[in-house]
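Before I ask anything, let me first share the structure, which is written out below as structure tokens.
Chain IDs A, B and C follow the sequence of writing; residue 1 opens each chain.
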Amino acid sequence: MSNDSDSQMEVGQSDEFERLKGQTKSESLFPKPPLVNPKTNKRQDGRSPKDVRPIYVQTGVRDGAKGSAYVEMGTTKVLCIVSGPKDLPKKMDLSSTGIISVDVQLVGGKMSEKDVILIKECMEAVVILEKFPKCLLEIFLTIMEDGGSSIAASICAAGLALVDSGVPIYDTPVGSTLLYDGKDFYLDPSKSELDSVDLTDSEKNDSGGGIVTMGYLPTREQICLFTMEGKMDAEVLASAMDSLTNVNLKVFAVIRHHSMELMKEFKETKSKVNK
Amino acid sequence: MSRNQEGEAPLISGGSRRQVSLFDLRVRDEFANDEAKGSAPVSRAANYVTPGTIVTKEMGFMRGHGTFVNPSDQSLVASVVGAVERVNRLVTVRGIGGVYYGEVGDVVVGRITKVMQKRWKVDINGRLDGILLLSSINLPTGELRRRSAEDELGMREVLKEGDVISAEIQSVYNDGSLALHTRSVKYGKLGPGTLVKVPSSIIKRRKNHIHNLPCGVSVILGNNGYVWISPLPNGRMPGTNLEEEDADGKNTVLEEIRITKADRMAVARLKNCIAALSKSWLPIYDTSLMYAYEASTKYECGELLRPDVMQEIGELVRQQMALEGAGS
Amino acid sequence: MAEVLLSEEEKYYLVLGVAQDIRVDGRSRLDYRSGDVEVNTVTNSHGSVRIRLAETDVIVAAKVDLGVPKTETPNQGIIKFLVDCSPTASPDFEGRGGDQLAETICRILSSTYAKSSSINLKSLCIVPKEFCYIVDVDILVLQCGGNLLDVIAMGVKACLGTCEIPRASGTRYDLGKPVPVFSKDEFQFDYLDVSKAPVIVTLPRVGRYFVVDATLEEESCSKGKLAIGVAPDGSITSVDKLGKACYQVRSIAASVQMAAKVGVDVNKVLSDRINKLKLSKLHSAKPWPPKPEEGMDVE
């Protein structure tokens, strides 16, 4: 496993933030390089296995929407718009708590129904639904580019959009992904890394492997979304969860920093208005 | 308790009785032979009819459930599969499975489905829902007075959707729906326990349907096929539906009711016994329940879920009932 | 899944019972209900299984077809799943109600059986890049009495394990392209090796504890569940948190440990039954064409 130094997270707020370039579909058909370059012990994009890609967050990107957020985790770009709470349309039954609907658009593909349901149930656990009975809250996600960890980025974007909209929530959800190739953990895998671990081919990986995605509520220390596929032992899965929890806390630091910046701006404008 | 709270870490595998989980999956071929060996219910002589069979051509009979009059020749024709029963001039066909027809005085167990103005709708497994009028219950304070507007607003405090009650059929409306009442102390809201559903026709009609059995468990054999098993006396939630002298204004809190492991085992065993009797199509009443309970003691409670064990218990009970029948 | 209306008192009784390890029907938290499994329920398929666990009743049927492998995986066959939750199974499944559940189950099965660690897809390939078997697995839910996902997963494993894959005895060349030749003897078939295929253990959380094989009433008392795929060697193949509840890390870790132990036992029993089913198929196989009865005229 790699060394224990804390990775530095970049919080891109200005134009100096550089866009990372992902791989095109045709490029991904070329032979896959190994996950870690044995000479430098670094991954293909220069990170150590425990490093997370740079995260860029922005809220209020859509003027017309009640709440909106844009999140970039490396090459993965997700935009989220929150609409509501508004009255339930006539065809839905009345309910004593609020109802959430989640719609996910993936550019160049379609997110599987099961993943959409996972995100929806995560949001239902996060939003304080008792506060708006008989109302509908719509969450629209657009994944402009899926460079790996799209579910995790969607959770972060949706959480931030909810913060931006003022809808009451229990905690700010964050998400992250982990890749296991049978030997080591690789955090926040990129699409090319996910493709290179081919779980369908037993010759390439017999000792197991898996992808774990975790949505986390940092202040409450609870998991709001969890999915794993592959083949892992129970103990390996437990230590993967610990690694993911640490990463999620780091991601939360970035998001919280942004929320604090928002608060500062709000206070400044408010004091200007009151003068 | 908010829905996201988890509390302390759950003891997941520690503290369970089992080390290895019990999983019993049979292969159907070997099992199909066992079923064929079991005996079918003994059929008595020729009273069984099918829909369309003419029951009688004579005039002067009153038609009961399960029959209709053929307009062309005025004969009485059966409309369900079952046995013909005749009481004086009333002819009915009692269906084998079929819908529950309530009679005045029946004890039923039902679940509240709706709270409406001045009445509750109760699911009693019949053709229509039962109706429990606000005037047909004892007030929480035990007073005897006319119901007021406040009582109407507070209906949900007394009984809400999902609550289970025991009640007696007061009367039958014109459209067939049943009016219930819980005006006696032995009826009313039911406390912690479990509901078992069996076909209404195998509940044997007796004088008493609420039994506090010697094994420490109470059972209410609703005529409608809903059976309530509970460790509390009469199955009832204490502190509800009180007589005037007992009402002291204090409600029993649900969380304060303690149930011992022995009681739980007894309830579970009885529940499985009822399922076994139901599967063998045996009549359910206090005696047959006790036979089944005694026969089941050689098995562990969880084993009673196995189809072959259920069949064996059915056989033993049938034999005992035949002996009793021959002796009396 | 199907919701049952329960009173506060019933829920109190049920949840405390789970805590005391005596469930409503007397089982412990780790016990399954009684069930049975049989083969050959759907005669016009290559393999079919009907599996029942108490009230939950599911039919799984597999049809094998000839097709072309996918370009990304030229030397592997394909297994496709289709789940149908019919409205007869539960009133909740009317209209679109059953579709969401069906999609989730379908996705879990597809990703489980796409892994080489579960099933050897190469054994379904006849000629790399040209011909392979496509196995269409149809799952029909007849009745939902709780714990649907587990029963379906067991049924799928049993069905794939007893599915008759025709044996290609060789290839001949037709205009320069290889074409597989199938033997005329219908007794020459192969079975898929499902010895590493996983089973799913769904653990709904009732109160503070997780239970195995929940009834509909127990599921109504739980706010969320964990669906954990366990392979016969005890390794975990999938974990999905379903439902609106949130968990702590140590809860998920502990429940995964519990599921691993339970899954190993279930896999052992299931593998044994699959072998018995294969034997019973051999004994009941009838010769074709059927011989006419004595004394009957043959047209």
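In the analysis below, a residue touches a chain if its C-beta (ideal position, glycine included) is under 8 Å from a C-beta of that chain, and two chains touch if they have at least 3 such contacts.
Just so you know, these numbers come straight off a predicted model, no measurement behind them.
Compared with chain A, the chain whose C-alpha mean position is the greatest distance off is B. Of all the chains shown, the one with its CA centroid nearest the global CA centroid is C. Centre-to-centre spacing of chain A and chain B amounts to 52 Å, using the average Cα coordinate of each chain.
Centre-to-centre separation of chain B and chain C, using mean CA positions: 35 Å.
If you average the Cα atoms of chain A and of chain C, the two centres end up 32 Å apart.
Under the contact definition stated at the top, the residues of chain A that touch 2 or more other chains are 125, 217, 220, 222. Counting partner chains per residue, chain B shows two or more touched chains at residues 3-4, 6.
Touching two or more other chains at once are residues 244-248, 257 of chain C. For chain C in complex with chain B, the touching residues are 5-10, 12-14, 16-17, 20-39, 50, 53-54, 154, 205, 208-210, 212, 223, 244-248, 250-251, 254-255, 257-258, 261-262, 265-266, 269-270, 273, 276-277, 280, 284.
Remark: chain A residues 112-114, 117-118, 121, 124-125, 199-202, 206, 208, 212, 217, 220-234, 237-238, 241-242, 245 touch chain C in the complex.
If you check the complex, the residues on chain B that touch chain C are 3-4, 6-13, 15-18, 20-29, 31-32, 111, 113, 161-164, 189-195, 230, 237, 254-255, 257, 259, 261, 264-265, 267-269, 271-272, 300-302, 304-307.
Chain C contributes residues 73, 76, 100, 103-104, 107-108, 111-112, 114-117, 120-121, 224, 226, 231, 234-249, 252-253, 256-257, 260 to its touches with chain A in the complex.
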